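Here's the structure, in structure tokens; my notes come after.
A, B, C and D are the chain letters, set down in written order, and residue numbers restart from 1 in every chain.
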Amino acid sequence: MITSEEFLGRIRRMRDNIYMGGKLVKRDNPQLMPGLRVIMLTYDLATDPQYKGLFTAISHLDGREINRFTHIQQSAEDLMKKQDMTRIGIHRTGFCIQRCMGIDAMNALSVVTKEIDEEKGSEYHQRFIEYLKYWQNNDITAACAQTDVKGNRKLRPHQQADPDHYVRIVEKRKDGVIIRGAKNHITMASQADEIVVVPTRTLTREENDWAVAFAIPADAKGVKLVNRAVAPRAREHLTSPLSELGCSDCFVIFEDTFVPWERVFLAGETEFAGRMALMFALYHRHSYCGCKPGVTDIMMGFTALVAEYHGLEKAQHIQHKIAEMIGVGELIYAAGIAAAVKSEKSSSGTQIPNTIFANVGRRLAGENIYHEYNILADVSGGIPATLPFEEDFFAEETKDLLNKYIIHNEQIPAENQHRCYRAISDIICSSFGGWSQIVGVHGGGSPIMETIALLTNYDVNKKKEIAKYIAGIKD
Amino acid sequence: MITSEEFLGRIRRMRDNIYMGGKLVKRDNPQLMPGLRVIMLTYDLATDPQYKGLFTAISHLDGREINRFTHIQQSAEDLMKKQDMTRIGIHRTGFCIQRCMGIDAMNALSVVTKEIDEEKGSEYHQRFIEYLKYWQNNDITAACAQTDVKGNRKLRPHQQADPDHYVRIVEKRKDGVIIRGAKNHITMASQADEIVVVPTRTLTREENDWAVAFAIPADAKGVKLVNRAVAPRAREHLTSPLSELGCSDCFVIFEDTFVPWERVFLAGETEFAGRMALMFALYHRHSYCGCKPGVTDIMMGFTALVAEYHGLEKAQHIQHKIAEMIGVGELIYAAGIAAAVKSEKSSSGTQIPNTIFANVGRRLAGENIYHEYNILADVSGGIPATLPFEEDFFAEETKDLLNKYIIHNEQIPAENQHRCYRAISDIICSSFGGWSQIVGVHGGGSPIMETIALLTNYDVNKKKEIAKYIAGIKD
Amino acid sequence: MITSEEFLGRIRRMRDNIYMGGKLVKRDNPQLMPGLRVIMLTYDLATDPQYKGLFTAISHLDGREINRFTHIQQSAEDLMKKQDMTRIGIHRTGFCIQRCMGIDAMNALSVVTKEIDEEKGSEYHQRFIEYLKYWQNNDITAACAQTDVKGNRKLRPHQQADPDHYVRIVEKRKDGVIIRGAKNHITMASQADEIVVVPTRTLTREENDWAVAFAIPADAKGVKLVNRAVAPRAREHLTSPLSELGCSDCFVIFEDTFVPWERVFLAGETEFAGRMALMFALYHRHSYCGCKPGVTDIMMGFTALVAEYHGLEKAQHIQHKIAEMIGVGELIYAAGIAAAVKSEKSSSGTQIPNTIFANVGRRLAGENIYHEYNILADVSGGIPATLPFEEDFFAEETKDLLNKYIIHNEQIPAENQHRCYRAISDIICSSFGGWSQIVGVHGGGSPIMETIALLTNYDVNKKKEIAKYIAGIKD
Amino acid sequence: MITSEEFLGRIRRMRDNIYMGGKLVKRDNPQLMPGLRVIMLTYDLATDPQYKGLFTAISHLDGREINRFTHIQQSAEDLMKKQDMTRIGIHRTGFCIQRCMGIDAMNALSVVTKEIDEEKGSEYHQRFIEYLKYWQNNDITAACAQTDVKGNRKLRPHQQADPDHYVRIVEKRKDGVIIRGAKNHITMASQADEIVVVPTRTLTREENDWAVAFAIPADAKGVKLVNRAVAPRAREHLTSPLSELGCSDCFVIFEDTFVPWERVFLAGETEFAGRMALMFALYHRHSYCGCKPGVTDIMMGFTALVAEYHGLEKAQHIQHKIAEMIGVGELIYAAGIAAAVKSEKSSSGTQIPNTIFANVGRRLAGENIYHEYNILADVSGGIPATLPFEEDFFAEETKDLLNKYIIHNEQIPAENQHRCYRAISDIICSSFGGWSQIVGVHGGGSPIMETIALLTNYDVNKKKEIAKYIAGIKD
């Protein structure tokens, strides 16, 4: 395990390939630092003794202690610990802990590379294991690049007018493959050491070129990252954990990029593309079963806090809204636990969470995120939308007036009430808040994707048989 | 374990104390038989080899195999098995398996009698153990009588104009206690060997007389059961499992009824009344986490079946409704699993499910029951409401016409389509269906009771602390 | 206008053609009387001076006062009055006033017969006017038979294996047409003088035989009605308006039935079949905008009443549920008003309600009916499901005990509390209640039918143009 | 009527009293111009011939044509026209048209000043008429300042530790009154000529000092505006109507501000404070019944547009979401129409919308705003959250790549697709979007305020009487 400063140093040494606002920017650009601070936190928590065993794990490769964000799930207990780590992590950031997607992709690769080898006699799994050693030895942070830009959504990859609309192999060489295309919505790619690329969907026989998975340094030659950074409005006087953190999403563009064979984990085996896509989604949806309860904890905490400051904490309708949030958060968390309890060991030894439970959990999260914002807005009143800017609370002509009139509870310092409103404003009334809502719907797969996964995997026919029995229908 | 026929014989030998429709009726009255058949099924399933270990358990008292409906939970695994038993049982009845409430009450007594003894030096727990032996030896079926009639709901028990509005001890004698009052909504009391009585709420110091728990034979002297039976409309030609089964609820009235001390498990220790009430509720809410998924399975099965018969199974909006049902059923089930995983061992050795998860699960069930009926009604169309009576399908003048016009799918025999509609009509368009809806809301405690339990037990302050940390508020 | 007794006499003189429970039954059979009493009420209210101008209207044909249930809408005001009549009618029955469907069909015929004549030079409209005179002169009650049995729902009428699965003309004769087929879900056909038959869907060119509309006496030769009656459980002691009323639905079967030309209003003009189907649906959905608010008034009234009896009327969560009901009822009512305000005059002079508003109103009704039952169940507690039968409240052994324990409010006579619970039990825990729920979803067209109507009629493109303007997109 | 340029000139001549970001700023500061452009639009539309009679009205004072934003409602038709004007206005701005609040306050004053005079013999109404002439002659734009900062919400105004927490009269002088306190959440106060101040709640006898209503120039001596401006991110290349517009909210602070008697409309008559507060709320909620349907039109338009660009317009689940939006928008609109149809004339001649319908309409709006954002987010996918900044689409290194990969529909220019995403990003993923959500919940009164208004004004007892009649309960 490395320290957060070591990580930052490593990031700073990377090649400049991030574009933002029309310019090539440094990785530690002020707009990117908030996002980097979140990743740094994942290093700090792993070295914090109180989180030993939670943010750390024991490598199944060599028995050494590693950051749990580099661990391959070995048991139901591992899956539950990952949920807990994620939930606790969110308590420290106030939102997305970001580093889960890379390890979720690694777990998917660990399962599917083995399965390919078993059927094809290939050697992907051994490559993967070597790459994993590199990960664990260097405490790597990676983004997972899954979602292609997709072009015309009614057409399959090979039917697109522009074949690059799904990432593809344009050439296979002796030493590796040449990649072209773009992946979109790639969270924290600009803050990561590496990018792990996996397919976005099932593929048909004609689509060998699009059946590709690989890992690549985020600053590799031929990789361009067009970045959109988001963070709460910077503060001058009233900094807080939330006000220092942020996130980024990238368009990751491959312009005939070379990837050596030892980093390629799928190259043409179309029948495994869908399996790999779904396996990543499954691990990531299970992550959400720890993540979203953490987000609900934050939303609930602010709902209860602002109600307390307004003297309305005991109001029945507010209490009932809080109880609703408890229901959403804990049902999702329970779904994650059930997915762990009903998990199964794959041929690779990696533990796979149960599909049904991971999907009902993730879907509930996606369906309720806007509702939770609604509750917090409801209980806060209009103040998060109309709160004067921070500077006015410190300017001569206005500070005393604002501090006089902001007070709703004489027992609580004006600054605390101000801080509470400002944090809520950052959460529900900012571009950062809008980003969080949309990520809450779509990250890890939108509710409709989970609905599709459920309908594909659930045995509805068995329920029809039960109905027939009850009704006395014999076929 | 005994057979269902032995059980029925035992029931038939009981004293007549059931009133229905203005008359004193036999226990095997035709209106009561459908309910008795459900109980009989719980004996049959326990002796069916395929359900060994599921409908049976190993007694922790003597290591013998017993019906799981007489088992005291010893582990998280026991709790999960009970969920599964309940879900499977419902697949055989189409609705409430009924026998869970007695054993839920027994589990509550096992925990709380021990706790009283620990604090008071009493000997309730030993009495309980003796009574439990009687249960396991005789494979006893019991109702649990918890809900008092309550009189004026804004007043406490001791403030009521009529003190009998909560069941109470009117006299303590050397050999036992004299009980007066009534319990309402007591499901299957008329089909049970015994009635286990527990308090319905927390009590204050003035309310010693109302702090009472005991067990009594259902036909004991001084006990009157005023019964309301409910079942699908009886069939002449097209009988089916569903059409043969039913349920009953009783007003259980104690008219100065004597209960010997060896069957008394609480008698004046007011500070344990609430604990006992909540402990029964907790076990019963955990039962719902297996029960309700079973009910959802039935509702989903019929939704899918009628859609298939109408050729609409692939319609997206129907698929999405089925996916909604999957979500509800499996989230509740997951909550039950989480309640087991996070369960704790009490001082008595009995395993107690986690309160938060049991309550979020049960509440989700209660909140969605009407919605599931809505879905099935939606997909079925009007036919469950307008289906001609069974006899018309067999009468000379109408049978050919009805069988001609009932057909929506030429591949399926008319009788099967007819059976499907008739079963759905029984489920959603009958007094039995209305009963099921209301039981689905209130049985085991209404959603608002779970909301109260959640608000009482959940650490909202911890969430406020997280919010404060995020916002940079130091107290 | 005639009296209710005259109506009943007329009904009693009709030919026996109603089958129920496997037998041919009289029209005033005890199971049918509850439904007849609802129709009789529509005659009584029209002769009650306090409802003059509401339950009566002025015929546009001859200026005479007529029952509004025989009136053709002439203005927006007429449409609003019809809403009000329906709502008030429901306040007297507690549920469906039933007689609206016939006049809704007549209004549809009045519009479309004129339109056919205009395009085809036919003389349907004059026939219709003559038939309308017969209606108004005789104060006729009619059912509307629209819904065909439909067979395989994925096939069109002319593609069915059995062509009779949609009602059709099997022969055109000089003096009339011969009809074969069946209509299903035909409410109150067994309580009506006449049946007005209209198409159920749009038709294609090949489907001339299925393009048929006509009116026929309900007891005509060749018409069989297979009836399902529904009513609250009959009472012996505590009769009340609700307990005396009921409803029926029929399978209306035409076995090569002759209809003379003067009663035929569509016979082969396929291009008008859809128009006629939708026009009836439109009038009927507008009726729902008066009907459903009336039903909500009843549900809300009982919710408030039982809350009062339980001393919980001021509880915030109950108040909020009542406020929800206000919202549902009054939004539907407002939609009806808006449909009237935005109504248009057809070429026949008949006023047509606005499609968008009638459909958003009806859909809201259909989407919320189960939710309102849920609210009433929620607030009532379990008692509607477990209330002992009426006789037990009057039997020697149990009456005093039940009257003692049923009391929740000492200020209110036990009988009133008992009556309240029994009425709620009839409404939410009976086959009658199940029927009401399903009718509430499907009567007048299920929510999905309104969704289709909205998507067909709403100018979404105009909204896209607005979006483009806002976004600066020029095509 | 004046032109928008005349308005802007007038605004520019005002005294500087706006504070923002810690500084005293000009009224045409770049951050304030977007909001001013919205107000300017209300002048432009009134002089646009195609909107004559919609954005203009005829003054009831002198028969001259005036901007409808300065008109006192004289009829149900006026109320409906105002709804339509608001809805059309929103089609031009994409969100809040802002100018309605001033005229809503004026209508409230017109009603209540008359009522005070009738009871008190005062002369407020004549003052109001004189002030109205000034308005209409000068085509005045005003903010309405209603919401006090409120301090401790559980205490009444006169119980506050700081009496200034509700705006109050600190001195009555011969020539006028001296005002102290602050109003919060005052939209567009920094863009208005005038501020009309009304009470925020009912008052008790002890609260004479807080019973005050008046009008004041927005730049009057003793008035400080602390402003928070909000607008979509400014664009360099792809400007559009939406990207040019914005809004502001102010803390309006009165520091012993003098108001002459001729501009005072309430000064101590506590019994009319609540009436005035509710009357403004009522007019403003009726405005929402035109406003919110306009917002829904925008949201629906973008939902349909992005679905079209993605080739998914015909997908059933997207069609159903659009149909849901139709339902929400048109039910609210219908509620406004019903509020107009059931409106009543006050003693002043001013037409008052119906309370029940205005409140059920406004509440539906507030309850659904987050849901509509959810739908648009759902259908758009993640792109509004991850779209690279505008500049990257025009920078050499990235523009071709981004334009290549942004394409989802070859028939549509890349720029149009880009513009569509960027507009949606502005709407749902920006501080402006967060502001719009919160305003959508709280503007004009939160849903819970409408619930309270409904419970206060609705005759629930009448519904209980109906229930009693149905149940046969006689008191």
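To be clear about the criterion, a residue touches a chain if its C-beta (ideal position, glycine included) is under 8 Å from a C-beta of that chain, and two chains touch if they have at least 3 such contacts.
Every value quoted in this text rests on a predicted model; they were computed, and no experiment measured them.
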Key: Intersection of the contact lists for chain B and chain C   = A, D
Query = When the contacting C-beta pairs are counted for A-D and for C-D, which pair yields the higher total?
reply = A-D
Query = How many angstrom lie between the CA centroids of chain A and chain C, rounded to a whole number?
reply = 52
Remark   = Distance between the CA centroids of chain C and chain D (whole Å) is 41
Request  = Starting from the mean Cα coordinates of chain A and chain D, work out the distance between those two points in Å.
outcome  = 38
Task = Return the residues of chain B touching two or more other chains; collapse runs of consecutive numbers into ranges.
result = 317, 320
Key: chain D contact footprint on chain B (complex, rising order)   = 316-317, 320
Ask   = What part of chain B is in contact with chain A in the complex they form?
value = 80, 91-92, 94, 238-243, 297-298, 300-302, 304-305, 308, 319-320, 322-323, 326-327, 330-331, 333-335, 337-339, 341-342, 356-357, 360-361, 363-364, 416, 419-420, 422-423, 451, 454-455, 458, 460-461, 463-473
Key: chain A contact footprint on chain D (complex, rising order)   = 19-24, 147, 149-154, 161-162, 164-165, 182, 184-185, 224, 226-228, 230, 233, 249-251, 253, 255, 310-312, 317, 369-371, 373-374, 377-378, 380-389, 391-392, 394-395, 397-398, 401-402, 404-410, 428-431, 433-435, 437-439, 441-443, 446-448
